[in-house]
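Per-chain residue numbering starts at 1, and chain names A, B and C are given in the order in which the chains are listed.
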Amino acid sequence: MTTASSSPTRLTAEEVEELARKKDTKNRWLLASPALIIITLFAAGPLLIVVLYSFLTAGDYGNVKWIFSTKGWFSVFLQYDIFDDTLQIADAHLSIFWRSIKLSLLTTVLTAAFGIPTAYFIATRPLSQRNLWLFLITVPFWTNLLVRTIAVMELIRGEGVINNVLLWANVIDQPIQMMFTDFAIAFGMTYVYLPLMVLPVYASIEKLDFRLVEASYDLYANRWKCFRRVILPLVKPGMIAGSILVFVPSLGAYITPRVLGGGKNLMFGNLIELQFGQGRNWPLGAALSISLMVLVMVALLYYVKVSGGDDNEHR
Amino acid sequence: MSIAKLLQRPFSVKRIPGFASIAIFTFFALYAPVIILVVYSFNQGTSLAIWEGFSLVWYQQALQNEAVQSAGLRSLFLASVAATIATTVATMAALATTRKKPFKGQTAVYTLINQPLMVPEIVTAVALLIFFAIIKVATGYQGMGYLIVAHTAFCIPFAYLPIRARLQGMDLSLERAAADLYATPWMTFKRITLPLMAPGIMAGFMLAFVISLDDVVISEFVKTPGQETLPTYMLGQLRRVVTPEVNAISSVLLAISIVFVALFFFLNSRRN
Amino acid sequence: MKHKLLTALSGLALVAGSAAAQAEGQLNIFNWGNYTNPDLITKFEAETGIKVTITDYDSNDTALSKIKAGGHGFDIVVPTHGYVPIFISEGLLMETRPDQMENFKNVSSTWVDVEWDQGRRYTVPWQWGSTGVVVNTKYYKGDINTSAIFMDPPDELKGKINVVPEMGDVMGLAIMYHGGEPCTDDKVLLKKVRDSLVAAKEHWLGMDYGNLEKFAKEDLWAGVNWNGSTFRMRLQNENVAYGYPKEGYILWMDSVAVLADAKNVDEAKAFQNFVMDPENAALISAFARYSNGIDGSEPFMPEDMKTAPEVVVPAEHAGNGKFVLACPPDVQALYTRIWTDLQK
């Protein structure tokens, strides 16, 4: 950080600091700007079109008519009964949303349960091996998502590998129905999203100083306590990053719930997709997606506020 | 290294009971479907689930199928370019948003960078479809540029979050020391900051790469004539019949990734 | 390391770019995925010297959205019959007059004066088929030519049923099961349809596409499915049979059309003419396993298709099939609501 000032006029210490801070802020905005420009142009900016569309009238065969309407927003939360025209809450949307949240939470918990130990394991390998293990996490993901999901299906189907092994070992005497259940969806999504948890957690565990752990043994002596009091706080940033990366895309997951869950029940992503596709109600689709975005954004901002302390310099 | 040996390490402060077992199980679970996938790529029959004997027919088929080959290569090219750009700009952004007192507007920066995560893909896809259509009509350009920028944009948060997690709580004292020793800012960055960040950058790049490699909905809406990627090619097959040809292609991709890994370690170990 | 990576990348870039290389006389076809026989394209390229690029879509709605947005760069699209009037009314198709083309004489008289394109002024038949029911006859011995298979399933099949998530087709089947006309706005009937669908869903296992393996391996025993897809299932498991519901089943036809803003109009017209040739039409059918609507193509068809009851509609069921055009927007909105209620 620049602290010297070559300014010819005399400045008080506060003014120097103020100038330095301004310069620093400018530099940091500059540093962040390429990422911001790309996202603004090719992700966030075009979304303004979606915001606009949510206030228009649905076109007869998809797309929109340029007539102002709040019907899209109205039908996110409320609806007239199809048959007796009474006003009611859009319970279908709510229950689909609730199911998505539940499944995404379950997926996040499962990826954390398997991902954190895995990340920890990788981070405690000798330095020369760590990247190899890390690569091994991502290698399966070079295969196509759909083929991979079909392969998962092969594991859990009625006559699949798991059932056959369990039958052979006499653990069960009849195949367990795993396909087309919520278990299958959670299992599949955990499989698909695992690297999104392992990699960020690894990135933050890897910097962990094991002298701290050693010191903690002297203080706590107990492994579990040591994990909770020393290691967990240090890996928290990675865990939170991983949870965001798993939770949010899970909400919009599309292929896995269909192939493994049988697609009988919609997820929130499918519901939005339906409005832009067969349902031909783009304004409702737009309004639903903005609602989701606002909810996620609020959660994210809350997280930034809560974890804000971590951003400050450590000494 | 044998599994048994991994599990029976002598007492170490690094060891947490059960963690190694869970990790080994995770790796095992991760590779079980992949093994199935590779096995079925050698299936003689047309099914992904009914074994009818060993044959290389699907590899021959894939070798003759120009569409699936070019889709595979296009996916690799796209993922490499998008992940490289995304990781570069995400690294810069992560440096700007960590380790010092938050600057004015930092929360806004953070929110904007993570924006692509917050909406389901279909929404970004529709928005980009409309936006790019305007550009296509105005310029007549139909090249790979659209897919590259679209992929770069949604890969940025996937690269940014691991890098940020790495930097959080990391010490500035080494950099200060370097500056005190009159190292130029560039030297300090190259010799100290970058190596410290490397694991985060590595993790970010790999995430961005596989995310791009798997993307289907945005690619489907953005692609111009002939720009099939492997996932969009697969999506088209979903309604009809999926044959082990795709397994063959996936196995080839797996092999490529393993060659990459081997190459990387060969170069790495020589440098050390 | 960096240099090697760059070299590898530029090599990839060359390969990726070459596909878009400009050639004299080219044609950009936008078609359903895994639907175009590569042999058909090779033959077309050899005969005409035109370079063809195929790009896939996964649904009529995706195709419509992309083409309507503009700047798409495609010359030919292959929409399902119900979408043809939409494409025409939105001004997206070119009136190429296939009816005046040389090979038009081969088009079966059944497929000339069709509801969605009277006299074939825009489109040329590609393939047609039906949406009916599929049953594994090992597990159910009763009558399979009824929608009751999924609307009111026999006990043997409960819990082993899959319904393809095709809103229009499923709603159409369900409405006809209750004696109505597809696209009806009769609310009394629709209430019955919704309630019975919701009740029936209790007995379904899934709502998904691409179930060839699951039926072949008997994870699934019955459901709603397309004829050609069921034909492929039967080839892998002889117990699988296709039923034509007597209450009414859905017919569909995909047709080749030239886009209004096509850049390669002559090449596109040449392709329309090309697919009306019996030998070429047979190539189309041999690949995706549906009928094509061109007279004289039978001798060129694969043997197993000539007698397949899934492909050749048995005479007693021929009258029960129905082509459904796109429903009016307000009816479509009703159906979407019922569909969402069903899947909530």
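The criterion applied here is as follows: contacts are C-beta pairs under 8 Å (C-beta built on N, C-alpha and C of every residue); 3 or more make two chains touch, one makes a residue touch a chain.
This one's a predicted model, so the numbers in the text were calculated from it and none came from an experiment.
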Review point. Given which chains touch which, is the overall layout a line, a ring, a star, complete, or other?
Key: complete
Practice item. Skim through the chains and flag the pair connected by the most C-beta pairs in contact. Key: A-B
Exercise for review: Could you put a whole-Å number on the gap between the CA centroids of subunit A and subunit C?
Suggested key: 35
Point to revise | Geometric centre distance via CA averages, subunit B-subunit A, whole Å | key: 15
Review point. Multi-chain contacts in subunit A: which residues touch at least two other chains?
Key: 150, 157, 276
Point to revise | Junction residues of subunit C - those touching two or more other chains | key: 62, 65, 209-210, 213, 217
Check your understanding: Among the residues of subunit B, which are close enough to touch at least two other chains?
Key -> 48-49, 126, 130, 235, 238, 242, 264
Point to revise | Sites on subunit A touched by subunit B in the complex | key: 1, 24-25, 27-32, 34-36, 38-47, 49-50, 113-115, 117-118, 120-122, 124, 128, 130-132, 134-148, 150-155, 157, 161, 191, 194-196, 199-204, 206-207, 210, 213-214, 217, 223, 227, 231, 234, 237-238, 240-242, 244-245, 248-249, 251-252, 254-255, 268-269, 272-273, 276, 282, 285-286, 289, 292-293, 296-297, 300-301, 304, 308, 310-315
Check your understanding: In the complex of these two chains, what residues of subunit C are touching subunit B?
Key -> 1, 4, 9, 12-13, 15-17, 19-20, 28, 30, 32-35, 38, 53-58, 62, 65-66, 69-74, 209-210, 212-213, 216-217, 229, 232, 236, 288
**Study point:** Residue ranges of subunit A touching subunit C (in the complex, touch as defined)
**Key:** 58, 60-63, 79, 82-83, 91-93, 95-96, 150, 157-159, 179-180, 258-259, 261-266, 270-271, 274-281
Revision key, fill the gap. Counting only contacts in the complex, subunit C reaches subunit A at residues 59, 61-62, 64-65, 68, 86, 90, 162, 165-168, 187, 190-191, 194, 201, 204-210, 213-214, 217, 219, 326, 329, 332-334, 336-341, 343-344
Point to revise | Touching residues (chain side subunit B, partner subunit A) in the complex | key: 13-20, 22-27, 29-34, 36-37, 40, 48-49, 85, 88-90, 92-93, 95-107, 109-124, 126-128, 130-131, 149-150, 152-154, 156-158, 160-166, 168-173, 196, 199-200, 202-204, 206-207, 209-210, 213-214, 216-217, 230-231, 234-235, 238, 242, 246-247, 249-251, 253-254, 256-258, 261, 264-265, 268-269, 272
